Each structure stands twice: as structure tokens, then as C-alpha cells.
Amino acid sequence: MSEPLLEARGIVKSFGGVRALRGADFAVHPGEVAALVGDNGAGKSTLVKILSGTLAPDGGEIWFEGRQVTIPNPVVARELGIETVYQDLALAPELDPAANLFLGRELVRPGPLGRLGFLDKAAMRRQTNKAFADLGIGLQDSGAMVANLSGGQRQSVAVSRAATWASKVVFMDEPTAALGVVQSARVRDLIRRVRDSGIAVVLISHNMPEVMELADRIEVLRLGIRVTRIRAADTTMEQVIAAMTGALGNEEVA
Amino acid sequence: MSEIREVPPAETKDEPAEVVGQTGVQGMLRRRLTETTTWTFLILLGIVVGFAALRFEQFATVFNFRNIAADASGLLILAVGMTFVIITAGIDLSVGSVLVFSGVIAGKVMLALGGEGWGAIGAGLVAGLAAGLAWGVVNGVLVTKARVPPLIVTLGTLGMALGSALLITGGIDVRGIPLQLTTTVGIGQLAGVPYVVLIAAVVTAAGAILLSMTRFGRYTYAIGSNAEAARRAGINVDRHLIKVYALSGLLAGLAGMVSLARFATTTIGGHSTDNLAAIAAVVLGGTSLFGGIGTVLGTVVGVFIPAVLQNGFVILGVQPFWQQVAVGAVLIVAVYIDQLKRRAQERGERR
Amino acid sequence: MRSRWLVGLLTLMLALAACGGDDEGGGAGGGSGAKQYKLTLIQGVKGDQFYVTMQCGAQAAAKAAGATLDVTAPDEFDASLQTPVVNAVVAKKPDAILVAPTDTQAMIPPLTQAKAAGIKLVFVDTTTENGAELAESEIASDNEEGGREAARTLAKLTGGKGSVLVINVKPGISTTDARAKGFEEEIKKTPGLKYIGQEYSNDKVEIAASKATAALAAHSDLVGIFGTNLFSAEGAATGLRSAGASKKVKIVGFDAGPKQVEDLEQGIVQALIAQKPADIGKAGVEQAIAALKGEPVQKKIGTGFVVVTKDNMNNPDVQPFLYKSSC
């Protein structure tokens, strides 16, 4: 197995009296889709937030490209090349897709105007259209407010934002949870395209058929620690579910 | 590329291809035409035409319009700042009090420096603006660091600023402002346009550019739309909010100077409803109290609707109390129509 | 579309306003060939019975002269609010404006504009620093004398011993400044009374009340208060009442509004110096018309006072001078 791109070792995190993570491990390699699965309350979203810089862990180590790092805020995560599609999408509903894509990374006009903070909206819109086209998303009216788009379109905007900026890892927390059949299929296509471009994708999902279809490897979290890591090809959905609910013991499969 | 299974769509709304109205330019045009600002502008136009029809030689004169603009200039300056604040889904109730306080500080400084000459006036201006900025920073810090809701914070600074002004002056308006300030800036004109109107116009233009074309403006909209998303995108939300409230305070200070120039006295008792008038103007102009949406141009329209109404009613001889009733009614109707429009737009674009 | 509804609604509102508006006091009377003059009265503030009574006197005089009289006023007694009103009235182009300027300096620019537009100005009650040049006529009570009268009355009521306070409105109002001045001069003639100075109410009842109670707390020998105008006196009475000191401290108020007359009846206020605002209004209209006709004008008119007490308030020669709430 190649070196993990991003690795979490023994992460501990508590919220008040609740111990969400009790020494959880995780690893993802370049150019693969690693699924992070677990039942409700297993600690998946918490782990994602810690690895994406939104939360700080109480204990444990994070390793990136073979070096130990700390990720105190989302900006540091971004600088490392880690992007996240949160479960709540983290989009600004009253802004258009281009504004959302470039949120926090706005392009400014060249020259002195740029130093004063004048935006280059035309360039942002152009690049957004290109990014959408590259990822196969058809958004005819890219000037519409994100709030007026359908759930699937919004998801696409969030996914393409992460895919555009990520150079190393993309976390996707329940990317198709609120979508219908056709839209889910398109987002899954998107995920495969992102993986194929060499970026590591971490997929958090409840949707077991989707996990089995998309993931290259599956890591199972239960009650705050990792209980199993296995290649998708080497296992079945029933076995994974059993690991999630505790029917199988701890197993480390290379 | 993997195969797309063409399953007949169970939920038609999940089709990205043809939905969302028309392509690029057409879509933009449709959006412009249905924007609230367009409709409130038509309302303003309707009111102007109405009054002109009823009392042409009295209402529709350059003299009258010039006075309406001059009388509205202070409120417009306040409302520009308020636009930024409300777009962040915040509110600033302290603007009237900060206006008064800044005028008091400026007046006292000018008197202390001899009460005459442009040097004293300049020093007073700097002092007044600094005072407004300071109150704005206080608002911003309390809202972001102490996490007190803006309504409460600015209600508190409303009381503190006005109270401080009353303490400093003993409740008596400051008098003896250098006459030059009044005769040149206060009531003077440049090519037929009163200086106070020019000042308000410059502030409005700068505000509009800042809001619509710069990163500062974009951050303002983003934070109002989804502050958490902005935070996760790496935007320093707290620092930006402090800047926005500081801007509101600074502009309140400037409005205080403009008032001082016009009236040669601090007019402490005349600004108790300025905050609500500014908020009403901003909302009338199409800015949403929930944040994320609004324009400075809309605010301009929103400022002039009550101003023209008041002027027209006096000309018509309508009982003064009716003016307040009318302005309140227009506000409710305009916001109601905006709500209806938004809901219709959402339904339409979804399909 | 909904927008059409809105435009229609607004047009309807304007139409109603046009018909239902115009607070006209004068009818179409007068002589056959006489010109009907258009006058406007701009009061100092809305809802003040002094100005309402003035309006009544002015309206009666206008009717008799066959002129029309519009009446309007700002929400607060403040120059920043009176200025837009003046500007709008000037746009209306009446033949003459009767106005009570809310500040001796700040109202000069808009009123100068009015004069430049060819409108004749008559200052009623208050005036500006350059009133003699700006206005055809300045009509007010002799406020200094009124202040002196108040001092004499208060000296009698308090028995001439203790501290006395003046609650004034705010500096820069010609009338109330004069009253305070007259009071201050006259009160010196009663050596037993200590004058502790002026407090300002900013023409707000609540502020007057709190100033009264504060003075009471600071000066245990407070025996008298002179409130220089309607709201100041009313506020002082309220403050004393809530502090339970109505018996101990005597109040002389200026202006005889219905609330003060009631206070007078109940013994909360002991005397009122009533002006004759109806006379001021009447004289204002007469002088304005004289100026418009090119007839000789009286530059300054001083109207008189009536001292109203509980004992005399129902006398037929005092009754007419109590202020009205409506005409």
C-alpha cells in the first residue's frame, strides 16, 4: 500500500460530557475514494471537521504527506490542499455560483484597482463556467442566486467548489443525502472524475449501496474509534454493516 | 465517463439543464426588471408625478427639489451606512445619537479653538468623525466579541451616546459655531447644487461602489447571507463586522457635521427618530432585514419616498399627523409586495 | 399585476389627501373685488395648546379679512425639523407666512430664502436674531415683563423665604430667554428668596419632571419653581406630584393650557401667567394683510398677560384667556 496522503492517528474529541472520538484513526491515499462509514453518533462528521480545520482535536496526531501537522483553522487546511463539502453545503444562498466558488478567494482586478479590492467579476464568472463545464455541470443562468437553484444544483456548486480548489484531498460529507435519483447519479460521476484527476476523495455516507459503488477503500468508525479498514472489492455490504453495528470484532485488513 | 442511466425523473426539479429561466443576459435582464429597487423607484416616480399633477407650480420647481434634496442629505448619509449594516443581517439603532454626539464633540472642539476660521472647523471635523468612528467600533466589538445581538448593543449605545452628549452640554445645544461653516458648506451651493447635497452624493456614490464592486462589499453580502459559510471560507467575519459598524458610526459622525453646518447648532432634540427613518429607508429600498440582499441605489429611493411625501403633504396642506400614517403605510405595502415577488420568483425559477 | 394595484392605491391616497387636506380657516368671504390672500401659519411644534389657541385667533381673523389660512408644524420644537416644513411651505408660495421660529440663529437661512421668494414674514411669539430686518412685524408677549410678573407672584406665594428654581426650555429661544431674564432681575428684589439658577427641559415634560425632582433632592429648602413654558411647568408639576412635594413647593407656570388649569384647580400649581396667544395670532394676521396691502405696519407688538389663580379662573374676564385644545 502506498503512503497515506492524509492520516489521523488516535484523535480524541469531547463535547462537554460526550466523548465523540475516543482515539480514532483514519487514512486516505492519493487518487482513491476512501469511504468513512459508521452509524449515527459514530463520530464521522466530527472527524471530518477536525481534519478540515473547523474543529480542534483534544488529542491525537494528524499526518500529511509524511509530516506531522496541525490544522487550526480552515485556511490552513486549504493551504495544505484540503477542501471540504460540508453536509450543510456552507454556501451563501443570496450570492451567485461564481461568488460562492470564489468565496474567500476572490479575484481582484489587476493593477492599483486590485490593491483597493476591486473585484474581477468577469474573470470569476469565466472561470466558474469553465469549472462547471469541466465537471459536466450544466448551469444555464450562472447569475442566479444559489437560493433559487434546486437542491442538486446547489450540491453541484458545493462539490465543484471543493473540486476546483482542492489540490490534494476533498472531504464530502453526505453529498447525495438530499438528492433525487438522477442528481445523485450526476454527483457520483463528479466524484469519480475528481478521483480520476488524482485528488483523494473522502466520502462520508449513510448510503451503503453508494459506498459500495464508489469507494475504493472503506474505513468503519464505531463509537469514536476505527473498527475496520478494508478494500471495497474484498468485502460485501453486509460485512460492512455488521462492522458498523458491532457484530464483528476489531479487524485490521491491509 | 460512466454511463448515465436514463431513469425517467421521479422529481423533475433535479434537472440542471433547462431549468433556471433563460440564459445569461436574458436572465440578468429579467432579474433587473423584477428587482425591488425598480418597483420602489416606480413608486417614488408615481408619488412625484402625483404631487406634480396636483400642485405643479408649487411642487415641481427646481427650488423645491433642491430643498427636498438638501433636507434629505443628512438622512441619506446615515442610510448609506445603515445599508451595509443591515445587509450583514445586523442593525444599528444608535445612528441618531452618534450623529448628535459627534456634532457636540465637533462643536466643543471648534469653540475651544476660538470659534472661528477654517483651522478650527477642520479640527472640529476630525474630532467629530473620530467620535462617530469610535462609537461604531464600540458597536462592532460588542457585537462580535461579546456576542450580544446588534439590536441590544446599538440600543445601548443609542442611550450612552445621547446621554453623553447631554452630559457634556448640560442639555443645551452648542452654539457659536464658526459662521463660515454655515455660510459656505451649510447653505452654500456649487453650480446651483447645495454643498450638503454634493457631500451626500459623494458618500452615496462611494458607498455604492464599495458595496457592489469591491471585496469589502462582497464580504458584507456573504456574511449577511451565511456567516458560518464565510467563516469556513476563511473570511475573518469578526474583523469585517467591526469595520461595517465602524463605517456606520463614521457616517453618522459625518451626518452630524453636515447637520452642524446647516443649522449652526447641535439640534440635540431633533434626531430621536433618525434611526428608524434610516432603517425604513433602507428596507423601502429593497434591502432584506435578514441580510444578504440590498443596494445603495435602493436606499436612495427609500430615503426620498418619505422626504417627498412630507414635502408634498405640507404643500397640499394635509394635516401633519397624516404624513406619518402615510409613510408607515407605504413602508408596509412596499415590503409586502417585495415578499410576494420573492416567493413568486422562487417558485418560478425552481420549475 | 400587483404593481398596478400599488400605483392605483397611491393615486387614491393622493386624491383623498388633495380633497381632504387644506386646513383652511378662512372662507370665501370679504368684499366683492377684494383679493383673497393666502396665508400659512407655521407653529413651533405640534400639539402645543399655546399654538393651538394662536391658530384659533389667527383663523378667526383670517376669516374676517376674507383670507385663507393653512396651518402646519414640525414634530418637535427643533430647527432641524422645522426647516423642511418651512422649505415646503415656501414652495407652496403663500402670500405671507406667520411663523414661530424655533431657533434664533438656525432658522435664519430658510426664512431668508422665504423672504427672497417674495413672501412676507410675520414672526409670532419667537423671533430670530435679525427679526427686525427679516420680518414685517414681530408680535409677542412682553416676555421680560411676564418673567417679572412671575417673580412677583412667586414671591407672594412662597412668603418670601427659601430657594427658587427656574425650569427653562433651552437657550436660543427669544421668548423663554426673556422670561428667565425678567424673573432673575425681579427676584433679586426679594432678599429672602435664593435663586438657585436655571435648568433646561428641552421642551419635554419628562425632562422637566426629572429636573424638578433632582432639585428637590439637592435643595431641601426649595419652595418655588417657575416653569417658563407650558411643557416645563407641566413637567415640574408632575415631578413634584410624584415626589409628594406638591404642598411644599409652589409653582408658577407660564401658559394656561387645560392640563395646567386642571393642576391649578387641584392646587398642584398655584398661579399661571397666561399669555394671550389668540391676540398674537389675530395681530399676526392683521399685520400680514396690512403688509400685503401696502398699508402701514407695526414693527413690534407686545401683547399682555393675565395672572390666573384658582380663585379667579372662573371669572368671566379671565375665562377667555385659558388656552384651547382645539378651535
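All chains are identified by letter, namely A, B and C, in their written order; residue positions are counted from 1 within each chain.
In this section, a contact is a pair of C-beta atoms (placed from the backbone, for glycine too) under 8 Å apart; a residue touches a chain by one contact, two chains touch by 3 or more.
For clarity, every value in this text was computed on a predicted model and none was experimentally measured.
With centres computed from CA atoms alone, B is the chain lying nearest the middle of all the protein shown. At the far end from subunit A, in terms of centres built from Cα atoms, lies C. In this assembly, the C-alpha centroid of subunit B lies 35 Å from the C-alpha centroid of subunit C. Distance from the subunit A centre to the subunit C centre is 73 Å, each centre being the mean of its Cα atoms. A separation of 40 Å divides the Cα centre of subunit A from that of subunit B.
Under the contact definition stated at the top, not a single residue of subunit B touches 2 or more other chains. The part of subunit C that touches subunit B in the complex is made up of residues 2-3, 6-7, 9-11, 13-14, 17-18, 20-24, 46, 70, 72-81, 83-85, 87-93, 103, 105-106, 109, 117, 170-172, 200, 202-204, 207. Remark: subunit A residues 54, 73-75, 78, 84, 86, 89-95, 99, 103-106, 108, 116-119, 136-144, 147-153, 156, 179-183, 185-186, 188-189, 192-193 touch subunit B in the complex. Those residues of subunit B that touch subunit A in the complex are listed here as 1-2, 4-5, 7, 9-11, 13-24, 27-28, 31, 213-216, 218, 221-222, 224-226, 228-235, 291-293, 345-346, 349-350. Listing the residues of subunit B that touch subunit C in their complex gives 39, 42-43, 46-47, 50-51, 54-55, 57-59, 61, 63-64, 67-68, 70-71, 74, 170-173, 175, 182, 186-187, 259, 262-265, 267-273, 307, 310-322, 326, 329-330, 333-334, 337, 340-341.
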